[in-house]
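The structures come next, written out as structure tokens.
Two complexes are shown next, each including subunit A; its partner changes from subunit B in the first to subunit C in the second.
Here is the complex of A and B:
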């Protein structure tokens, strides 16, 4: 317990822990000291001087964002001298700030604007000195950098350093200082990963998302918080709407989104989205009414004899539950399969319950991290950030990746298995744990597994025995997690095996998946193959694109777009996207997390469409509202979540053949396409796309 | 014989001090100091080139007092104090009124030919880049020699005539 310090701020007594900064102490009693360079959560730099306060008995003004409280201090946050100094600084800033609040995107949310108003600052006091050669747009994709508005507070530099690539800095010096990349190269050539963390902290309008430009003022925005749906790490995401349209997304409380969460929302308002049901008429699909489409789907599925369902990983638990219920109740089928977009999920059915799943918080607190798989850092930037933070805090990192990578560069140990030998390497580490008596003999299930593991031959993974022994030693003790972007059954089951051997049962395994809700299907569906079924209903999944075209007499597809599978369907139904749905997901840490319908949609909720289809089939679902579905989903998940056991090192996992190692391809950030659609030549691009859909 | 370039007036001294600070002492890592320095340099440049206004003096005074609090490091504080000391000189107000008084600021300095000393050699007229000197060379027995005079409205105070005059017959009037 830190010592408590009592001081007076503007005459009010306040008691805070030792080490608190004056600015925070003031904030704790509701006194906001103006600041431009300080940003909660970033290291303080003390450079803007706006937070100066007067301390009784001290001749110099004090920088409240860096100065700690002292017992008995008497602080004045708005004395005449302090206000004079603040106005002076703001006058100076305005003399270099070539901005006009009437057209600036930041107006309404701009700190400079607010303080200028609050302190009635004379903007023209020192005239304007902004040489023409300072650029008003550096021409980067996705975000505009208008250096004519930059006030050199340095927040973006610190945010980029703390959360991302650390590519920004003060360049040149003295009076010609600017904030930019090294040699003022474009962001895309400087290693920027377009996380947008810099935008989030900029106190003025210097950094702005291109997509939001001229689409509404800050005070017109309506904001709803939900989870990002682009991977299972579940970053909170705020979606801002203006005039009913999405104009921007930004991070919620945890303060971070990667490029997909920050900029990957264009698909939601894409003109290619399905907005009305389609039914097959000979060779073509024709738009029709919901009633007609549902009747056709109900009739077709009922008439098919045997029905199977396939559901994708990017819908809520409620959708999965209602889908399973629809197939069972209305079409008498228990055959609901789950497609993870080409990723096998069998491993999870033998995995030790939801509580064993880790979230980013577990990774950040870990002391030992085993990071497996390709493109882990690039594909899952939030996982990279968590791992980096843990390593900065002293964690030991073991990277399993045949290639060099950003994480390999900061790893304590980098193991490079030969192609496809990740799982073999994990088995070898497990054996080394046992052979070296480094395992946790007391942990559940370990004693029984040991004899068989001792018998195991050491599989050849192309890694030296010394390195394997070192990995086993490194990983054996302390809070440990396995983070894997390699989602093969073998890798996941052996990862779980390693965790079992070392007695880690809670918050220990983080499989990374590029969808929001990858576990729901496993937990909520019966898990069948669809083999031999004559009627297939594919919801939010595109088996044709995954190379497994469904072989059915009657095919219903429900999706966001006219996918390859939808093109061959008999009935196509539109689907609400993840961001448009209220419901729950099984989050990365294995917890149920509620999500909101943050983006607007004219479609019925997904569960409602399924309920309507059940009605059309004459066998209604037992749900009256989304709450009923939620309760049912929760019940099913609770029933199964703890009953799953760890696989053994030599059990089911080993009986599967090691499959060739597949590189997990990530969606490219598509800003080129986006900017072409959104900007110049937009009309042609969009109408062409429309015609394609219509055709 | 004195040349104007060796002389330095108080505003120029302040300007040089700030320029030296900007080039060497200042780090540019706090927000107020570099801007204040840049603005002060711009104001002093105006003042020493005859474009200064009374409001510039107020602004400079404000910088010199406020930057002491606002600057992050003692270097900026010291620069502000030095500026404040310099501003105590009455020369600043005179510059704004249009007079340098030391010959340092060409734009605020004017010359005249002293008729009693002038030998009417014409060297100044040759030297003047602005064609600001009128007069005819001395020709004996002629009664209507035009004496040499400097047209103040054309003169820009460069002092080339002063250097050129062999008779030391040109003096500063402001």
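Here is the complex of A and C:
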């Protein structure tokens, strides 16, 4: 416990821990000291001088964002001298800020504008020095960099270093100083991963999203927080609407979104979205009414004799639950399969309770990290950030990846298995743990597994026995997690085995999936194949694109777009996207997280469509509202969450080919064509409290 | 960023780069506060701050390459593009200005076909202006590769340029 320091700020006493900065001490009693370069969560640079305060007994003004509190200090945050100095600094900033608040996107949310108003600053006091050579748009995709508005606070430089690739810095000197990349290259050629973290911290209108331009002023924005739906790491995301349309997304409390979360929302308002039901008429699909489409679907499925359902990983628990209930209640089928996009999720039900699942917080706090799989950093930038933070804090990182990668470069140990031998390598590490007596013999289930593991031959993974032994030694002790973008059944079960052997049972396994709710299908559906069913209902999944075309007499497809599967369907129903749905998901840490309908939609809620279809079939669902569905979903998840167990370590079949997460390609430098972001995503919203189902 | 326009063309192979950088990196390994000295040595070795060398130096120092460019672009002593075999400097300080520097500069620009800060396509000449060389008594001052020319030599500049230009390029001068 740090020593407490008592001081006076503007005459008010305040007691804070030793080491606190004056600015934060003031904030703790509600006194806001103006600042432009300081940003909470980033290292302070003390360069803008706007946060200067007067300390009694000191002749010079002090920089309150970097100066620590001292016992008995008497601070004045708004004395005449302080205000004079602040005005002077703002006047100087205005002498190079070629801004016009009447047309600036940032108006209303601009710190410079606010302080200029608060302090009644004379903007024109020193004239404007802004040579024509300073560009107003550097032409990057997705975001505009208007250096004529830059006030050189350096926040973006620090944000980029802390959260992303560190590609920005102050270049040149004196009046020619600009913030840009090495050799002033375009962002796309500088290693930028377009997370937009720089935009979030810019105090002025220098950095703005291109998509929001001329779509509305900040004070017109209506904001709803939700969960980003582009992977299962559960970053909070705020969706800003202006005039009923999405104009921007930005990070929630977590302070970080990757390029998909930040810029990948255009699919929501795409013209290609399905907005009305379609029914087959000979060779073509024709738009029709909901009543007609639901009647056709109900009749077709009921008449098919045997019905199977397929549901994708990017819908809420409620949608999965209502879907399963619809098939069971209305069509007498227990056959609901879950399609995870090429991932054998059905097998995961043998695999470990929800408690074993880790979230980014577990990774950031870990001391030992085993990161498995290709394109992990590129495909899941939030996982990359978590791993990097842990490593910066002293964690040991073991990377299992046949290729060189960003993570391999910071790894304590980089193991390069031959292609497809990841699982074999994990088995070998497990055996090395046991052979070296590094395992935790006390842990549950270990004693029974040991004899079989001792018997195992060492599978050939193309990695030297010394490296394997070193990995086992490194990983054996301390808070450890396994993060894997390789989602084969073999890799995941061996990962679970390693965790079991080392006695890690909570918050230890993080399988990375490019969808928001990959566990729901496992937890909420019976898990069946659909083999032999005559009627198939595919919701939020495109088996044709995955190379597994459904073979059915009658096919109903419910999705965001007219997918390949939908083109074959007898009835096509529109689907609300993840960001448009209220409900819950099973988040990365095994927690049940509530999401909001953050994006606008004219469609009925997904559960409502399913309930209407049940009505059309004459066998209504037992739900009157989304609350009923939520309660039912929660009950099912609670019932199964504890019944899952770790599998054993032994077993063959190590040759399964990895199907890595398909790498996200940066958009072409033409910012207009920017919809390469995977369609399958969705965004959702979290507003409500997080309930820990796992606990 | 006039001087930082960025020449992407690099004719150096990765192996050669590593070999030429190794002694420089070894000399500064583990030393704090050595970025400027290190960059000076890199420039000495390559004639300018070769972009791939910058990336390798950044990796070795575990710093973002942007940080190195941030430091280097602060100083006028660092160059981001290849320079000519002959660096011709025209002093434009007060004394030289009065003694006719603008006319000399204009003549050199015309004869070399480049402006101040630029390098000829054949990588033979770089023309620069400097603020003072420190020998105002000799004004107007022109120097070639840091050797100050006397008045007699200055009169022979045109002929010298033609001779240099006609000379066959050697491998040292690089193909461009």
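Just so we're on the same page, the second predicted complex is superposed on the first by the 650 of 695 C-alpha atoms of A that agree within 3 Å, B and C clash if a C-alpha of one lies under 4 Å from a C-alpha of the other, contacts with A are read in each partner's own complex, and residues count from 1 in each chain.
Rule of thumb we're sticking to: a residue touches a chain if its C-beta (ideal position, glycine included) is under 8 Å from a C-beta of that chain, and two chains touch if they have at least 3 such contacts.
Quantities reported herein were computed from a predicted structural model and do not represent experimental measurements.
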Subunit B and subunit C placed together on subunit A: clash or fit? fit
**Message:** If we overlay the two complexes on their shared chain A, which of subunit B and subunit C does A:93 touch? Say first, second, both or neither.
**Reply:** first
Between subunit B and subunit C, more residues of subunit A are touched by B
Rounded in steps of 10, the angle in degrees at the Cα centre of subunit A between subunit B and subunit C is 30
Exercise for review: Answer with first, second, both or neither: which of subunit B and subunit C does A:173 touch in the superposed model?
Suggested key: both
| request: In the overlay, answer first, second, both or neither for which of subunit B and subunit C A:181 touches. | output: second
Does subunit B (first) or subunit C (second) touch A:328, or do both, or does neither? neither
In the superposed arrangement, does A:476 touch subunit B (first), subunit C (second), both or neither? neither
Worksheet item: Does subunit B (first) or subunit C (second) touch A:153, or do both, or does neither?
Response: first
Q.
Taking the superposition on A as described, I'd like to know which of subunit B and subunit C A:395 touches: first, second, both or neither.
A. neither
In whole Å, subunit B and subunit C in the superposition are separated at their closest C-alpha atoms by 8
Interface residues of subunit A shared by subunit B and subunit C, listed 170, 173
In the complex, the residues of subunit B that touch subunit A are 22-23, 26-32, 34-39, 42, 59, 62, 66-67, 69-72
Touching subunit B in the complex, subunit A uses residues 36-37, 46-49, 52, 60-61, 63, 81, 84-85, 88-89, 92-93, 95-96, 125-127, 129, 151-153, 170, 173-175, 177
Given the complex, residues on subunit A that touch subunit C span 157, 161, 165-173, 176, 178, 180-185, 190
Counting only contacts in the complex, subunit C reaches subunit A at residues 1, 4-6, 51, 54, 64-70, 73-75, 80
